[in-house]
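Chain nomenclature is as follows: A, B, C, D and E, assigned in order of appearance, with residue numbering initiated at 1 for each chain independently.
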Amino acid sequence: MQRVPAIELSHVSKTFQLNDGRNILALDDISLAIREGEFVALLGPSGCGKSTILRLIAALATPSAGQIRVEGVAPAELSRAHRLGVAFQDAALLPWLSIAANISLPFRLAGYPVDQARVDDLIRRVGLADFAHARPSQLSGGMRQRAAIARALVLSPEVLLLDEPFGALDAVTRRSMNLELMRLWSAQQITTLLITHDVAEALFLADRIIVLRPRPGRIAHEVDVPFPRPRDAAIMRTEQFHSMADTLTNMLADGFDEQA
Amino acid sequence: MQRVPAIELSHVSKTFQLNDGRNILALDDISLAIREGEFVALLGPSGCGKSTILRLIAALATPSAGQIRVEGVAPAELSRAHRLGVAFQDAALLPWLSIAANISLPFRLAGYPVDQARVDDLIRRVGLADFAHARPSQLSGGMRQRAAIARALVLSPEVLLLDEPFGALDAVTRRSMNLELMRLWSAQQITTLLITHDVAEALFLADRIIVLRPRPGRIAHEVDVPFPRPRDAAIMRTEQFHSMADTLTNMLADGFDEQA
Amino acid sequence: AETPSLPVVRLKLGWIANVQYAGEWIALDHGFFRNQGLDVTWTAGGPNAPDPAVMLAAGRADLSYMSWLPFLDAVARGNDLVILGTEMPRNPLGVISLPAHPVRVPRDLLGLRILAQGINETTSINAVLAIAGLPQKWTFVPAGFSPDPLLDGQGDAFVGFDTNQKLTLEMMGLKQDRDFIFTNFADLGFVTPAALLVTTRAYLAQNRPRVVAFLRGLIQGWTFNETDPAVAARLVVEKYGEDYGFDLDQQILQNRSQIPFTHYRGMPSRPLLSLDRDMMAGPMYAAARAAGRTALPDIDRIADFTVVPEAFKGI
Amino acid sequence: MKYVTRFRAAITATVGFAIVLVLWQVIGSTKLLGPTFPPLSSVIASLTVPYRRHLYIRASLATLSTAAWGYGIGQAGGLATALLGHLLPFCRAGLDRLASVIHAIPMIALGPLFMAVLSPAWAGTAIAAIGVFFVSYIAGCTAIESAAPTHRDLFQIFGASPLRRLWLLDVPSALPALVTGLRQAVPVAFLGTILGEWFGSAHGLGLLILSAMENFQIALLWSTVILCCGLSLVIFVLLGYVERIVGRHYR
Amino acid sequence: MKRFLACWWGPCLLLLAWQVGVQASGVNQIVMPHPMAVIMDIASNPLVYGRAAARTLLVAVPGLTAGLAMGGMLALLCQFSAVMEYLLTPLAMMLSSIPVVAIIPVLSRLFGYHMTTLVVIVAIICFLPAFVYMHAGLRSVPAGSLDVFSVFGASARMRLLLLRLPASVPSCMTALRIAAPTAILASLTAEYLMQTGGLGALFRITTAEFRSERAFGCSLVAMVLSVCCFFVALHAERAVTRRWQ
């Protein structure tokens, strides 16, 4: 008997209306199942509907057609139970709270007592220990993004959705954040969906990579990542890693050419 | 007799005050000279002061100590003479102007007649020909960034400052923009300072790469890039390129480890 | 445009442009002023308008209507003003009270809660008590234009006009002496005319013929008014006060009820507009002293009793 | 879908209005607030009687023209002063204080004074202008500084002269806040005009309110108040549309 | 002194213009008194002015507080229920387009010529900016923050307490800045029209008695109070806004 997938999209479409009345088919007949504890990365050219998929799973939007289930229930149930963690591409920190207060916000929203030790631990892990009491406006772009990642993780969610969370980070910080995320994920096996522009990042972190193609947004390819876990940075220097990265880049470029 | 450097920072420091009263030394005793027509890339971990250096050179901030000269004069002179081009990390387009009008804005600001041929050429080069009359809000993030780059270049500035201009682009679009920038730069040899997170991008474009390390922001390494010009995408597949990329990544990682 | 060369006389009314100025409206409409060779212009007053004395002092009016006590105050502040006559020798202001606490003599005011609109009304009460040698024992309850707080029991008496609030009550269906009592201030011992016609001494000295001519036209107007109270009311509603949205019936009623106040009581032969020297020297000065005005100027310094008779001679 | 929600909002707003009106009728006809608060029906009756039509039109036109002059003069003065403060930053603090002091001069003192030294026709205009001046100065100052910091950086980098910056950046980005200020000043202009009319004007809705009160014409009083609110509301709502359009364009 | 002049040259010029204007035109002092006479009157009768000013403040401060509280509460109600929103928004729009001071006589007739009526009037006048700005402020949440609250499963209460209320603080301060000086001036006008004590009534009485220096003195005191309120509120607003960016 197969277990229920943690996240399941069946024949999901999403249409947007532009204000001149035209309809845009952002997603067209997407079917996708993510197992519990699986790490899936979503790749695709700009504007192909990646963020839209994430917003549908987070119940921030409703599909125009098709159905979405998260752990067998409607997606809104999950956030209502405080079992969802999300980091958006822009950090969306509250400007009047300090970094520490922003990171402990999910505790307050859930009505749980704030686990200060966990908050401090996460602040340290994302390298912001010195800035716990600074305001978001006093941080650089990359620092703000790291705070948003810490906030997504602080409640130990069962499902984690990350929308290009490392976009504003330099390569090294990015890799170290990748490693940190890998460590946290290994300890808990959170079901994770990661949107990224970085092929290497996707290969390093994910169990499975889904490549979207644009206009309308459709699944172009699915690639299983064969590297055994636990992984460390060394795999990124292997021949297989490089060749897979090239393959994926070509897949993306195909999508791009079709678009142009 | 040596010629005057195009950009010269001597013993520049910059201190910020956090709201808990603590001072942050964002830049500490930075000395740096950029020759006329040189392309320098700035690498460094998040929060090490890259954007701050750029803002100092653009006269958007004043150093707490030290001196900055651009072509022998104070940096503010340069922008006053309309000889500076800048692209920020966020596109900063005027929302009420069309893309074409945004790109021709520097002409109007300088009081020059608009060179429509040049504007059209640049719009074409950054791949926005179909969107010349669209408004910024109708473009995706990546498209907006490309418009900002075109705007920075439109006056054929003598000094070009780019703050992570390709950050919101997917890998494929990014490479094609790199090639376009290379072509434009080769034709005019503008003195350029590029902030980037992408080591390969820095190696492909720059004559010299400066690696910063954080807390306080200091110059950690300077690396001359040996690849002969004109370069094409093929050099990115050479052994030397890969090994230099690894070296630079390690240099960055050093800085990061010190930080942590 | 037809008579551009006529000399202009600027009149400042003491109140809004209602039927209270019936004589003026008739004189304007029937050309009584024009026949006298005058072009009379006017500006209305109102509850919040600057005092006529201010307009005289600022040189924005030549003639104006004033009350007795403010007139004295303005003179005391160094304005050389002269009273020429009075439109209403009998003041319609009085006290409206309910049968439960009827006010007929000054003593009845003691201990009452009295609804009044402003300083003019409260001064009158205080003067009545002072003249009667009684203590100032009453409570001021601020009120507005309408007498219905009296009916609500918010006060025991209401200071109002015979020609206005009393009519309002009657239009509500109440009857005088059965449902309410109205006692004029003159009957309580406080005698002042209501509308004194005032100018500056300088203007009178330089333009005496003009002033006389004005008075002639005005007297003709008031005389005409007595023949048909509806004429002036209609002029107010349809022409001069058309922007006030007056009710014609109410204006006719008010005009009819105000006509007796333009005559001296018991002296029907006294000409219209004339100021009685004895009344001024006697009750009016007494009232001023009772209201706390000291160092009153000599009567001939502030009044000219010859202008109105001169005007009458020419009619 | 957008249209559906907008339609629903309009319907519910109408229902909201209707409830308010019904409440008025009920309170008025039960005399819950005394004889000074008449039922809506008698107010409407008084508003629609034919013989008063000309009166209402005349009064409205008089008030509108006074208010319009005051509004125009006040806006021009306020915006010019705000611009002056923007161009000459060293006078800014002084102008701030001057504006707040002018705003603080009580209208009850100014009204009679203007009446005596200006003419009755200009007193209302002057009072309205002073009120509008302050609102438009404050709105102008906020608006002219609402350009995004990154855009300001951009203009500095491209070496824009102060005048070009004003014309190409400060003014366009000020427009939305400016229109908001234009809108907020409308009731202020009406208020100033009506107060001015109380201090001895010979026309206008303010005069009508006053005289209706003095003569206990309660229905006339309320219908004038309604007329006054209606006029102000119409302009307010029209400017609300302009505000929305400008906001969409410049944000 | 130099710094004082740099900030206050405007009002000083105004005062100078007044003095010169009165002197040059030679108008009677019942039209316009000399500024020196006014200042002397204030200086020699501090008790008279103090008592009247205290009464005015006694109207203005409770009125301001009540108005701000009411406006804030109703704006909150609008957050909670769509029905309230649709009922209140047109009402508020209607009210905000009405020159409320213009119907003071009507209101005083409705509620009686008491101190409470004065407070009610001031409260109505202050209610409007509070409602409008709070209403806008409760909506001006930072971009993306509503999504954040939604994915972390915040309850409506949490959304209000931790997001909307803090986000509305700057707007709240703006409302205060606009309402505070207006409260003083509105109570002055209401006292004048209703003649119920305070600076406004003193103004009316003294005007009627042609004691223009006392009347102008009342205006001057009210002006100073109002300007003080404005600047106190302005500084509070600036301090808060800086923190909120």
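By our rule, a residue touches a chain if its C-beta (ideal position, glycine included) is under 8 Å from a C-beta of that chain, and two chains touch if they have at least 3 such contacts.
The chain list, named the UniProt way, goes like this: A, B = ABC transporter ATP-binding protein; D, E = ABC transporter permease subunit.
Here the structure is a predicted model, which is why all the values come from computation and not from measurement.
Trainee: Count how many hops through touching chains it takes, at the least, to reach chain C starting from chain A.
Mentor: The fewest touching-chain steps linking chain A to chain C number 2.
Trainee: Can you list every chain that touches chain C and also touches chain D?
Mentor: A chain counts here if it touches both chain C and chain D, which gives E.
Trainee: How many degrees of rotation map chain A onto its copy chain B on CA atoms, rounded to the nearest 5?
Mentor: 170
Trainee: Average the CA atoms of each chain to get its centre, and name the chain whose centre is farthest from that of chain B.
Mentor: Centre of mass proxy via C-alpha means gives C as farthest from chain B.
Trainee: Using the stated contact rule, I'd like to know whether D-E or B-D comes out ahead in C-beta pair count.
Mentor: Pair with the higher count of C-beta contacts: D-E.
Trainee: Of all chains present, which has the mean Cα position farthest from that of chain A?
Mentor: The most distant chain relative to chain A turns out to be C.
Trainee: Give, as an integer number of Å, the spacing between the C-alpha centres of chain E and chain D.
Mentor: Once rounded, the distance between the two centres reads 17 Å.
Trainee: Can you check how far apart chain B and chain D are, centre to centre, with Cα atoms defining each centre and the answer in Å?
Mentor: 49
Trainee: From the mean C-alpha coordinate of chain B to that of chain C, what's the distance rounded to whole Å?
Mentor: Taking the average C-alpha coordinate of chain B and of chain C, the gap between them is 85 Å.
Trainee: If you average the CA atoms of chain C and of chain E, how far apart do the two points sit, in angstrom?
Mentor: 39
Trainee: Find every residue in chain A that makes contact with two or more other chains and list them.
Mentor: none
Trainee: List, in ascending order, every residue of chain D touching at least 2 other chains.
Mentor: Within chain D, the residues that touch at least two other chains are 34, 36, 108, 112-113, 116-117, 210, 213.
Trainee: Tell me, which residues of chain E touch at least two other chains?
Mentor: Expected reply: 27, 31, 105, 109, 204, 207.
Trainee: Quick one: in the complex, what on chain C touches chain D?
Mentor: Against chain D, chain C makes touches at 16-18, 43-50, 54-55, 58, 60, 144-146, 148, 152, 164, 168, 241-247, 250.
Trainee: Could you pull out which chain D residues touch chain C in their complex?
Mentor: 34-36, 52, 55, 58-59, 62, 108, 111-113, 115-117, 119-120, 198-200, 202-204, 207-208, 210-217, 220, 224
Trainee: Over in the complex, which chain E residues touch chain D? Could you list them?
Mentor: Residue positions touching the partner: 6-11, 13-14, 27, 31-32, 82-83, 86-91, 93-94, 96-103, 105-106, 109-110, 181, 184-185, 188-189, 192, 200, 203-204, 207, 215-216, 218-219, 222-224, 226-227, 230-231.
Trainee: Note which residues of chain B are touching chain D in the complex, please.
Mentor: For chain B paired with chain D, touching residues are 55, 58-60, 79-86, 88, 90, 92, 94-96, 105-106, 108-111, 155.
Trainee: Chain B touches which residues of chain A in the complex?
Mentor: 44-47, 127, 130, 133-135, 138-143, 146, 167-176, 197-199, 249, 252-253, 256
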